[in-house]
Amino acid sequence: MTEEIIIAGFGGQGVLSMGKILAYSGIMQDQEVSWMPSYGPEMRGGTANVTVILSDSRISSPILQEFDTAIILNQQSLDKFEKSVKPGGVLIYDPNGITRHPVRKDIKVYQVDATEEALKMKNAKIFNMIVLGAFLKLKPIVKMENVIKGLKESLPPRHHHLIPLNEEAIKKGIEIVKQFSVN
Amino acid sequence: MTEEIIIAGFGGQGVLSMGKILAYSGIMQDQEVSWMPSYGPEMRGGTANVTVILSDSRISSPILQEFDTAIILNQQSLDKFEKSVKPGGVLIYDPNGITRHPVRKDIKVYQVDATEEALKMKNAKIFNMIVLGAFLKLKPIVKMENVIKGLKESLPPRHHHLIPLNEEAIKKGIEIVKQFSVN
Amino acid sequence: MVEVKDIIKEENLVYTKSKILTDKVFHYCPGCSHGVVHKLIAEVIEEMDIQDKTIAISPVGCSVLAYNYLAVDWQEAAHGRAPALATAVSRLMPDKYVFAYQGDGDLASIGTAEIIHACNRGENIVIIFINNGIYGMTGGQMAPTTLEGMPTSTSPYGRDVKLAGHPLKITDLIAQLPGTEYVTRQAVHTPAAVRKCKKAILKAFQNVGKKNGTQFIEVVSTCNSGWKLSPVKANEWMVENMFPVYPLGDLKG
Amino acid sequence: MVEVKDIIKEENLVYTKSKILTDKVFHYCPGCSHGVVHKLIAEVIEEMDIQDKTIAISPVGCSVLAYNYLAVDWQEAAHGRAPALATAVSRLMPDKYVFAYQGDGDLASIGTAEIIHACNRGENIVIIFINNGIYGMTGGQMAPTTLEGMPTSTSPYGRDVKLAGHPLKITDLIAQLPGTEYVTRQAVHTPAAVRKCKKAILKAFQNVGKKNGTQFIEVVSTCNSGWKLSPVKANEWMVENMFPVYPLGDLKG
Amino acid sequence: MAKVRGAIKVDVEKCKGCGLCVVACPTSVIALSRDVNSKGYNYAYMEVPEACTGCANCGLVCPDSVIDVYRVKAGVEA
Amino acid sequence: MAKVRGAIKVDVEKCKGCGLCVVACPTSVIALSRDVNSKGYNYAYMEVPEACTGCANCGLVCPDSVIDVYRVKAGVEA
Amino acid sequence: MAEYRLMKGNEVIAEAAIRCGCDGYFGYPITPQSEIMETLMLRKPWEETGMVVLQAESEIAAINMVYGGASCGKKVMTSSSSPGISLKQEGITYIAGAELPCLIVNVVRGGPGLGTIQPAQSDYFQAVKGGGHGDYHLIVLAPASVQEMNDFVALGFELAFKYRNPAMILSDGVIGQMMEKVKLSEYKPRWTDEEIQKISGSWATTGKTPDRDYHVITSLDLDSAKQEIFNHKLIEKYKTMAEKEVRYETISCDDADYILVAYGSSSRICQKAVDLCREKGIKVGLLRPITLFPYPTKIIQEMAKRVKGFLSVEMSAGQMVEDVRLAVNGKVPVEHYGRLGGMIPTPNDVVKALEEKLINVK
Amino acid sequence: MAEYRLMKGNEVIAEAAIRCGCDGYFGYPITPQSEIMETLMLRKPWEETGMVVLQAESEIAAINMVYGGASCGKKVMTSSSSPGISLKQEGITYIAGAELPCLIVNVVRGGPGLGTIQPAQSDYFQAVKGGGHGDYHLIVLAPASVQEMNDFVALGFELAFKYRNPAMILSDGVIGQMMEKVKLSEYKPRWTDEEIQKISGSWATTGKTPDRDYHVITSLDLDSAKQEIFNHKLIEKYKTMAEKEVRYETISCDDADYILVAYGSSSRICQKAVDLCREKGIKVGLLRPITLFPYPTKIIQEMAKRVKGFLSVEMSAGQMVEDVRLAVNGKVPVEHYGRLGGMIPTPNDVVKALEEKLINVK
């Protein structure tokens, strides 16, 4: 099994840490993983993306042009990465702020209203966990228990009390993700 | 014609400028010349030497291991360069301060008491011109008129009034150089 | 009652962007002091009508892309070396208005030798020194001007003066060099400060015309990203913490 | 009448070469100040009995071969970088007496950033700064400390301050850095000056034991070769011309 | 007697919502919108336009030079 | 009453004839020789040995550390 | 399992330094490697192992601090990225000339000049041929994974001390910024003074004790004859390294008709390209040099006897390809494929280049 | 006759700079090349041609002054010797990356590190392969006589401006310190502002006038795709140079069985070695590369078809020999003979090496 994922959005949306938790989850179930961010000069704003690979065997290139799954959190990223999803692959996006929606018909497209849901849950910080939940619903490649372990590893101990909240958010994501029909 | 010369002595004895005048004289009679000094960090004292080549044809290596003529002005230089004179070549030295005299019998050895003569002439600065005279006596490879021209070119104009004095010194050198018999 | 739409008319315009500024959107973080200082330089160039005589040198730092924003000829220096470039330009084209724009890492750390010697030689240039007490561009590392106890990514527990030394008041040293004519420390956190800072920049550029030495303007600045504060809070923090160490005012000239 | 041969006896010896000095003959020109300062450092090390605790850093300059003369462990720095080496040594071996020996080209020109930052960090080291106003080793070029009007091989008509700036009083800047504990300016042209200078060096080394900051000793020196004067005349010239610009005395501590 | 009235025009797409103009305004004219522009910033706007005197303080401090300030002398109001 | 008498020993081969000791000597003991050593330097020597007080000034200023200074307390001379 | 961590290559360098008993790190921030110093500062190893961590005023100061520290027989290191490494060249040649062990990490970004902060491999020549003046070489290790970022810190120090020669880890923005799972090394204590005496006691400046002559660390010899002898000593040292220290990895080379030669992040991409080729039925193998100096010349010479061609894949305009050519010496064609300026080749790009440049050539 | 002067190579560099209309020199003293700046200071060209001469605070400042001056379309230069050139590497790669013309003189001395101040040729790699980071090249000219020290100043500037690329004169202590007779160039006036407009008006920072967009001199492009395009532009430029600018001299090569390849002062020694060989009846020729970048690869490839072997003679541990090998590509043996650390080979040494390494090999 190899799953090649791109997660892309604004800096500050938790793109990198979502990828990190996913990768850690993979390690928890003894997989090979890689996490390769885009990086630039340190300026607030702008876009960020990370390529995450989970695999049962040695990972060759950590940099990819095509992905099994694209997790898309803003318009620029959608414009950039929609075409990079492998035929038959999955694209998950948060429709908030999106004016030009996905058009590909050879892939499976899903929406997750994570922004809205995070607002409802009154915690912007769990936005990315809701998105992660959506992904896990569609691609249950890591077990929830391993995600929780991954969270533990990637969060500093002083933030461990937030794990239940994160778990809740993931579950919310699993719950609210819905197919988007391209027409 | 090619004449390959080493001039060696203490820094301050005018070794480099003697070589320069000789080289300039060569230019004055349309020869090819090269002048290659030893160099080191800038500290008073120590030894200095310069390799001068005058030739009717293009000069290949400006650095030599063997010389037609060695002009030697102190003990260290004698110790170092006596063996570098080509068989049949010429070694000219000032015996002042020399305790171990030349020993080679396959070369022609000459003495010039330039230190003493310069003292007599009450001008330490012409010491090297006396030595040059000695050389020219033995190897009249440049004409006196070209030496004078060479002097003019190598001395800054404000020192041109010293040229007659230098000429006199050269003549003194021509006069006093004498063969030294190695036994 | 005057309506807003009646006020917003060409003929009533009293403040707008300098024509020296290009249309490009600053890449700076929201609220970054760099933008304000850029604007002031642009206004001075515009008012002095020296666009054709200005040669600007940008540093390596957040303002590395400053050349995107002011429509004057630019040279992009190596990190810390802007004063060397400026020296050559000013000597080779003595009638130009040459200014170097530098951050605190650029000027007071890697470029210490270059700034001291350019100022000591009294090069006829303007130095604009943006002291935000941090390395903005590379992600908020400690600068020589970082305050005691101030956390940065390379002093996560606060600058420990035992390990890293005290904040370097480089402007105080610069002021003592006979080559500098005008040395001042400004800020741009309030409208009044902005006005004063602009006057200082204007004076510096005007002085360059008289060729009496180096003009040095430190602008005590915020890097809200590096400081991990909102822009407004960053200004407050600066007033409270930076100003005591880097008091505003003219040091010379 | 006591005969000389009766006086010259082991038991009457009152002054001789320090045991820390090796048997090698200094490569320095006759009368060069470097020799005197070497001797004083040797005497201090001997008197403090810290040969095994001393780590010396030599610069690139005439004193590049200083390691031939003092029997302590030496590191030969790159030109201008002695303070960086000294910083690392002192931090990695905090109980050592680390000193860097630097010329004026080395310290005040190419090495400006390194000396300012080492002093600003307050590294626990001694800096011995030989200011002879010239680049001795490379044949007498202008140094940052060369006096106005002073001829050198790169200012053959005398230093023109319009082109080259004023002599840089780097020690004055150093004294203002909070990291320095003791900053003094000495000379070695007379027996009295030699005695004073030695006291300063002793104090500096002793201070290192207390770890309160950087010790900085400028020795206003002659380079008779570079100055093209006899050693005796060079001392006179120094008193007349160097001292007014570089007045002797403690600047700090 | 004439009173000075002002107004500002914010380049909404270029405003980064830093809020510096908000605190700089002596008459509390400006606020940040709840809406965001296409870059995701809550841009500045005149919340209390009638209080604006056209003093240009907001323009002076705006790091992104996105505020134009206008001023007129208006007649006394009732 | 005891008078202090001194003497110096110069390492002639290592002396560079700089003359600094000559001017440093308060009692003008030292001069430079007319002879040179093997390096060509006119080395220092005691020209007026009886004037030496062993004050060590010469030693202090000698850049090449080639002067040893000796001192004794001697009886008053006639 | 629990022993694995998910970390960035840069973070791992810092962690590995602490764990291998490094005595001192001296650096200056630059993207994409600032996390090395940041991680160290966060970890505060001075409280734990006594390791010194200092942010220097510049790369030049940093490399000269390393010079000073290495002179004391200490395990010291620095890290930077391309422009900073260019600034260190004088210091590096001094350290090589003084025969000192130390570790230098270059997390390469695109050049020339300020260039870009994205990954590149265009500093190969500088690292391998000598960017500083004079005849010297660094030991150059090219990690291709985060795990190797860990492993090569200790290995770099080991080789550096074995040969009294500076070692460089030539990494790039990909390996520095990416996270992978990594098994960190066990903690090794820093060397005690006694151990330093044993290892480097014959030359290190630790203070002259009565039982030994004083030590001098220098790269200077004004006497050219002696300087030449010293240079020959260096040459001999490099020869020994070439005999004993060459490291490389081969993947699917045994039956290969064509060999991709690639190091670091390029080799990761080439691994996938090998798979793609094999799927297509093209017999391709990958030679991954691990030591770039000494270079795996012999294995290439041997391969050259039986393969049809080599393709050197580098994120550069063609640098390592020269070393491949020098090894192959005309036996079979050697071509180069590269992406530049921070761009990263794709496995498909590599396959295409192989076909165009070597396979489909009449 | 009267037009000939007897001058040191270093002095000639200074004189040639003034005469070719150089606008500015920025340097820092270092042996064996300090005479360049000293001669300039004595000549005071600022009074004569307006040329600026400035002693910088360091080599780093000097190269960055050159960077600033070159950005203005001015003819500017610097000079140094090996350690100083190492310090300039960051500046050099910036200048190459910003595509600026300038002249850099390296009067090479022995390394590594502080090494010796005697002549050497061990900076070949640094000059030719790129001592700074990133994919760039300098135009490298190797004078073998004082006359060429004169000629290559103007030539260096000419090529630098033609290609908007930094040019380097790679000389050494022999050529810098020796005097030979030299015919100095005629005085050419410095370019006027109008001429600069014509030559460099499309890019130089001379002040933004209303008739043009403003100019930016930079080597930065954060967008890797654009940076890659730029890198390809550089590669194309270097290819053009390789086609058009290769310069070399051949002596007695027509009937030669063996070719000595040597540049700069080594070539002078090899000239004599050729004579010695011919006296002995060995047919030897000398190929003297004048441009080291671009390298005379083609002529070597041609020669390789008919000669029995090449000997690269360099005052280095074997650097240029790699370029000879790359050209010969295995056709015939290529060997290296070198002296190191400031030592200079003798013609006899060269003959002996030729016999041992190439002729008497079974």
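Some points to look at:
In this document, chain identifiers A, B, C, D, E, F, G and H correspond to the written order of the chains, with residue numbering beginning at 1 in each.
As a convention for this text, a contact is a pair of C-beta atoms (placed from the backbone, for glycine too) under 8 Å apart; a residue touches a chain by one contact, two chains touch by 3 or more.
If you're wondering where the values come from, they're calculated on a predicted model, not measured in any experiment.
If you take subunit A and subunit G together, the chains in touch with both are C. Common neighbours of subunit B and subunit C, by the contact definition above: D, H. Each chain's centre was taken as the mean of its CA atoms, and the one lying most distant from subunit H is E.
By number of C-beta pairs in contact, B-H leads when B-H and A-C are compared. Here the spacing of subunit A and subunit E, counted between their Cα centres, is 39 Å.
Subunit A and subunit D have Cα centroids lying 63 Å from one another.
Note: centroid distance subunit C to subunit E, computed from Cα atoms, is 26 Å.
For subunit F, the set of residues touching two or more other chains reads 16, 41. For subunit C, the set of residues touching two or more other chains reads 28-30, 64, 76, 78, 109-110, 112-113, 116-117, 137-139, 144, 163-164. Shown for subunit B are the residues in touch with two or more other chains, namely 40-42, 45. The complete set of chain-chain contacts reads A-C, A-E, A-G, B-D, B-F, B-H, C-D, C-E, C-G, C-H, D-F, D-G, D-H, G-H. For subunit B in complex with subunit F, the touching residues are 10, 45, 74-75, 97. Residues of subunit F touching subunit B in their complex: 16, 36, 38-41.
Every residue of subunit C that touches subunit G in the complex is listed here, in rising order: 60, 64, 76, 78-80, 105, 109-110, 112, 135, 137-139, 141-142, 144, 153-157, 163-164. Note for the complex: subunit E touches subunit C at residues 5-7, 9, 14, 16-20, 22-24, 41, 46, 49-50, 54-57, 59-72, 74, 77.
In the complex of the two chains, the subunit C residues touching subunit D come out as 109-113, 116-117, 120-122, 144, 163-166, 168, 172-173, 176-179.
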